[in-house]
Amino acid sequence: MIERFANPARFMRLSATILPWCGWATLGLLAVGLYLALVASPPDYQQGEAVRIMYVHVPAAWLALSVYLLMAVASGTALVARHPLADIAAQSAAPIGAAFTFICLVSGSLWGRPMWGTWWVWDARLTSVLVLFFLYLGYIALVNGFDDPARGAKAGSVLALVGVVNLPIIKFSVDWWNTLHQPASVLRLGAPTIALSMLVPLLVMAAAFWLLFATLLMIRMRTALNERKALALRLNRAPRARPGRTAPVAAGPEASPAVRPALR
Amino acid sequence: MTALRGIFCRDLALTLHQGGDAGLVLAFFILAVVLFPFGVGPEAEVLARIAAGILWVAALFAALLSLDRLYQPDYEDGGLDLLALAPLPLELCVLAKSAAHWVATGLPLVLASPVLALFVDLDPRAMPTLVASLLLGTPFLSLIGSVAAALTLGARRQGVLLSLLVLPLYVPPLVFGAGAVEASALGMTARPDLLILGALTLAALPLAPWASAAALRQALA
Amino acid sequence: MAATDLTGPQRHPAGVAAGVAAGALVAEDLACRRGARLVFAGVSFVVPPGGALVVRGANGAGKSSLLRLVAGLVAPAAGRLVWGSQPLAADPAGHRARLHYVGHQDAVKPGMTARDTLAFWAALRGHGRGISLAIADALASLALDPVADWPCRWLSAGQRRRLALARLLVAPAELWLLDEPTTALDEDGRMRLETMIEAHRAGGGRVLLATHLPLALHGAATLHLDRFAPLEDPAAETWT
Amino acid sequence: MAATDLTGPQRHPAGVAAGVAAGALVAEDLACRRGARLVFAGVSFVVPPGGALVVRGANGAGKSSLLRLVAGLVAPAAGRLVWGSQPLAADPAGHRARLHYVGHQDAVKPGMTARDTLAFWAALRGHGRGISLAIADALASLALDPVADWPCRWLSAGQRRRLALARLLVAPAELWLLDEPTTALDEDGRMRLETMIEAHRAGGGRVLLATHLPLALHGAATLHLDRFAPLEDPAAETWT
Amino acid sequence: MTALRGIFCRDLALTLHQGGDAGLVLAFFILAVVLFPFGVGPEAEVLARIAAGILWVAALFAALLSLDRLYQPDYEDGGLDLLALAPLPLELCVLAKSAAHWVATGLPLVLASPVLALFVDLDPRAMPTLVASLLLGTPFLSLIGSVAAALTLGARRQGVLLSLLVLPLYVPPLVFGAGAVEASALGMTARPDLLILGALTLAALPLAPWASAAALRQALA
């Protein structure tokens, strides 16, 4: 019980120290990655300059998938271990994942224009990613769809777990159906089938995206924690519908300054 | 066992009242299918081309239309509390309810599909595949649907939220179902798609009731 | 605590002391959280076989919450419930099998007849064909037989409530959890309810009921929930 | 008929005789048919300004039906209702404008807050912006202010009932039709209700209420509906 | 006036909670439209061919999906009694409710239709007609729908009965709406179809509320 209550506090302290480092590292890697991707790396012999979209598209796609996976894991632990942080992590990750998915979709269709001559095709890979995007949206809508945040969190967790089914479909859609979209060339069994001069910037960008995700996640989790605290305090000052039975709440030591005004 | 049959029969009765004519549901399908030619225009070749898709989308919407009534009434009149407090595991209740939902919405379509296929003049060769695909796929719709219905119980804007959750999850059966029919309409084998459909339903059979039950317990807590 | 420290009716010499041995329902320092707020805390009571606990308290004191907690629908925020020697959390299914719950709403489907409704709930508790007799008795003992075969849409509020209570009779269960059972009942109905409860207790059954009206229950203990309103919420600052 | 032949409270010397002049609500041998069966017949009563009529009767006697009949939701199978000199059927709109109805269910939307709910019902009766104060008062006088801004999904049964009753206060109406208003209310709530009613009557308002509990209403008349159950239904043999 | 605004706003609020994001409704449409290509297959020309029909059928189902929640909740929680007892005529209440229903289900589609048209790559020339036809036609759906909802109130199998009543009545707007779009997609004038659509809505505007109110009074008696 006690340590469970203590955890959020510990997280706040930890993240406070890590956050700045994470932020700067993200900026640095992004700068390097973009330089390598846009300037240093050679144009593709058949795709020409269009290939540079890859350096955004592919990492975004990877993030889109992995963030959902992470979300599902967090939700699972939230349901089983009842760990308060897990819920918050999953909920904070969702919008970020949705954003990456969106980037993947947009960059993809931007790339599709020169490569396939169309913005969009109803191809298994593309549509399954679109479904992923809607799963993110659905999750967000569901979590915020209840008056009682706890309830929303639980419902969301279950949905996240159910939605995992979609991930393998996305990942292997290119192998199961003959799609326009090309099969995996990096994340595949056996050696990558991609030139080192492209692989390196790709991996750098991927790392940068990951750091970016970590940073955003921490920021969102911190704000979420503060909001929860504020809500709990507000509700506990509301007594039952009976005169003179107010249940005063000593605003806890944790109540961050940001919250206090809201309580007055 | 009695308990299960009890829930199943009652829900069935409540859905298509006192076991009365499932004709209404059928009529709904026929109408839904008849609507498309109106919207799409009578050109035979176009119709035949999209026949499978039409039937499957009709199945989807039929399932969806009735989903929000799956738990909502019991939730509002307190019946859900009693179901959750019944000796038999809630998972089984959910399974029975889903089954009733399928019999009310899925089965009629399966039975009617040969007739409906005529409306949208589908290639006769594809007929068996159509029936098979619906038979394999529609239970999945009810099962997954029950999860979404349970999740959105007591949520604001339940209706739309429900559709938002369900429709993405309905995409796979739609793809494979329609795919199977088209394949055999083009004279190719529909076996792989049908297998995948069956696999989906089999996978949902244990998972969905579990998830729904979990969601329901949350809703009642 | 005085109000909560109770003894069973005299006809049960066992009382609290031997209560545990006799398989008493014991609540130890329960706390209940609804949504994000703590409703009550530190509630303890003992309900021996044949015992009755009347839960009282202002609107919003947490009576319904307490009953749902004992039913196992809501998990306690703190404390534990024990049946005899075994905590309820140990086998929820077993606990469900031995309780009946009648909430604020009486789960009555407008489309079904009273008889069918009872048959359904009986079936749900595993009673098959043979109980049509028990159903007839239950209907009779709540004076519902004249309306037994109408669609419940036609029933008046009190008639619905009686139907909800008739559920208690068709399928026997040891523990009755009744949330304001007298709602919409007339004098006759209330008296029938009281006799039902007393008969149930005489047979060793136990009752927890929340009510605002005085009920003639012999040797019932009373729990005043108002006294257990938490002054300040321990978890408030950790929000959970 | 003794039970129905009533006089207003003493503070209204007008009484029945002058009642009509003072615009009394007069019911002349009403009969009510629900579905296909005759529920009661030959019911007559007079409710002068400031008067209160308590409708009593067993479950299914037809109390709710009578109130719905007076509200104009159900048409009488026989007899007529007159307000002052003018039959209600003459201008239903005018009648609706002067009555408040609180039924068995309290029309409370889980998603809305108590405050919004009241604002909506006030708006429905044509009260615009300015009434946020009246709403605050109404909430306060039923001790709902602490929960005024919660979604009603979180309210307890009694809190919902209080909210339903608060409707009576935000928009003034001369005739209150209350169907078992005390449902789910605790003592405090019941007392608040009684003071509400008495204040309303003191201002010349009138109340018809169906209840099973004794309510402390000064000089209220009682109508025992059981006495008006039709012995045999003229239309009985034509169906069922 | 206040009263009307009151009902309208509350219903709107209750449908898309506290005026919150209509984004959900949009998402639903996008999904519904996305479904068809799944079922029908990705061939662009086929899609373009049936684009108008698809969008219109989506509109129909969106309206239908939410119809049974139009009066049912108020009916069950006693709110309908109070609406019927409000000083202002029930017809106006109904009108306000229908309007709220349209704003919640019809309007989003009208606004989203240009985007959706891209999904099913509709001929750009037809875009204005599409928007116009939806703008003229969708109110009809809500108005007629409210009549059906009121008629089936408290009926057994409300859901299916509702669809059964409504779908035939929805055929005319579907035909003319889709017709108009196709016409202008083929470069012909859509004027006649649009006029008919407008006429339908105008006719329904006084009739539907009156009919619904009558039906509601019956349901409450």
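Going in written order, the chains are labelled A, B, C, D and E, and every chain counts its residues from 1.
Keep in mind that, in the parts below, a contact is a pair of C-beta atoms (placed from the backbone, for glycine too) under 8 Å apart; a residue touches a chain by one contact, two chains touch by 3 or more.
No experiment lies behind these values; they were computed from the predicted model shown.
Ranked by number of C-beta pairs in contact, the top chain pair is B-E.
Of all chains, the one whose mean C-alpha position sits at the greatest distance from that of chain B is D. The centroid of the Cα atoms in chain C and the matching centroid in chain D are 32 Å apart.
Annotation: 56 Å between the Cα-based centres of chain A and chain D. Mean C-alpha position of chain A lies 36 Å from that of chain E.
Distance between chain centres (mean CA atoms), chain C to chain E: 46 Å. Touching two or more other chains at once are residues 127, 134, 137-138, 141, 147-148, 151, 238-242 of chain A. In chain C, the residues that reach two or more other chains under the touch definition are 35, 58-60, 104, 111.
Counting partners per residue, chain B has 17-18, 76, 154, 156-157, 161, 164, 167-168, 171, 175, 221 as the residues that reach two or more other chains.
Residue ranges of chain B in contact with chain C, taken from their complex: 2-3, 5-7, 10, 13-14, 17-18, 73-74, 76-79, 81-89, 220-221. Residue ranges of chain A in contact with chain C, taken from their complex: 4-6, 8-9, 84, 147-151, 225, 228-229, 231-233, 235-236, 238-242, 245, 247-255.
The part of chain B that touches chain E in the complex is made up of residues 15-18, 20, 24-25, 27-28, 31-32, 35-36, 38-41, 46, 49-50, 52-54, 56-57, 60-61, 64-66, 68-69, 76, 156-157, 159-161, 163-164, 167-168, 170-171, 174-175, 178, 182.
Chain contact summary for the complex, chain A toward chain D: residues 147-148, 238-243, 246.
Looking at the complex, you find that chain A touches chain E at residues 118, 120-123, 127, 130, 134, 137-138, 141.
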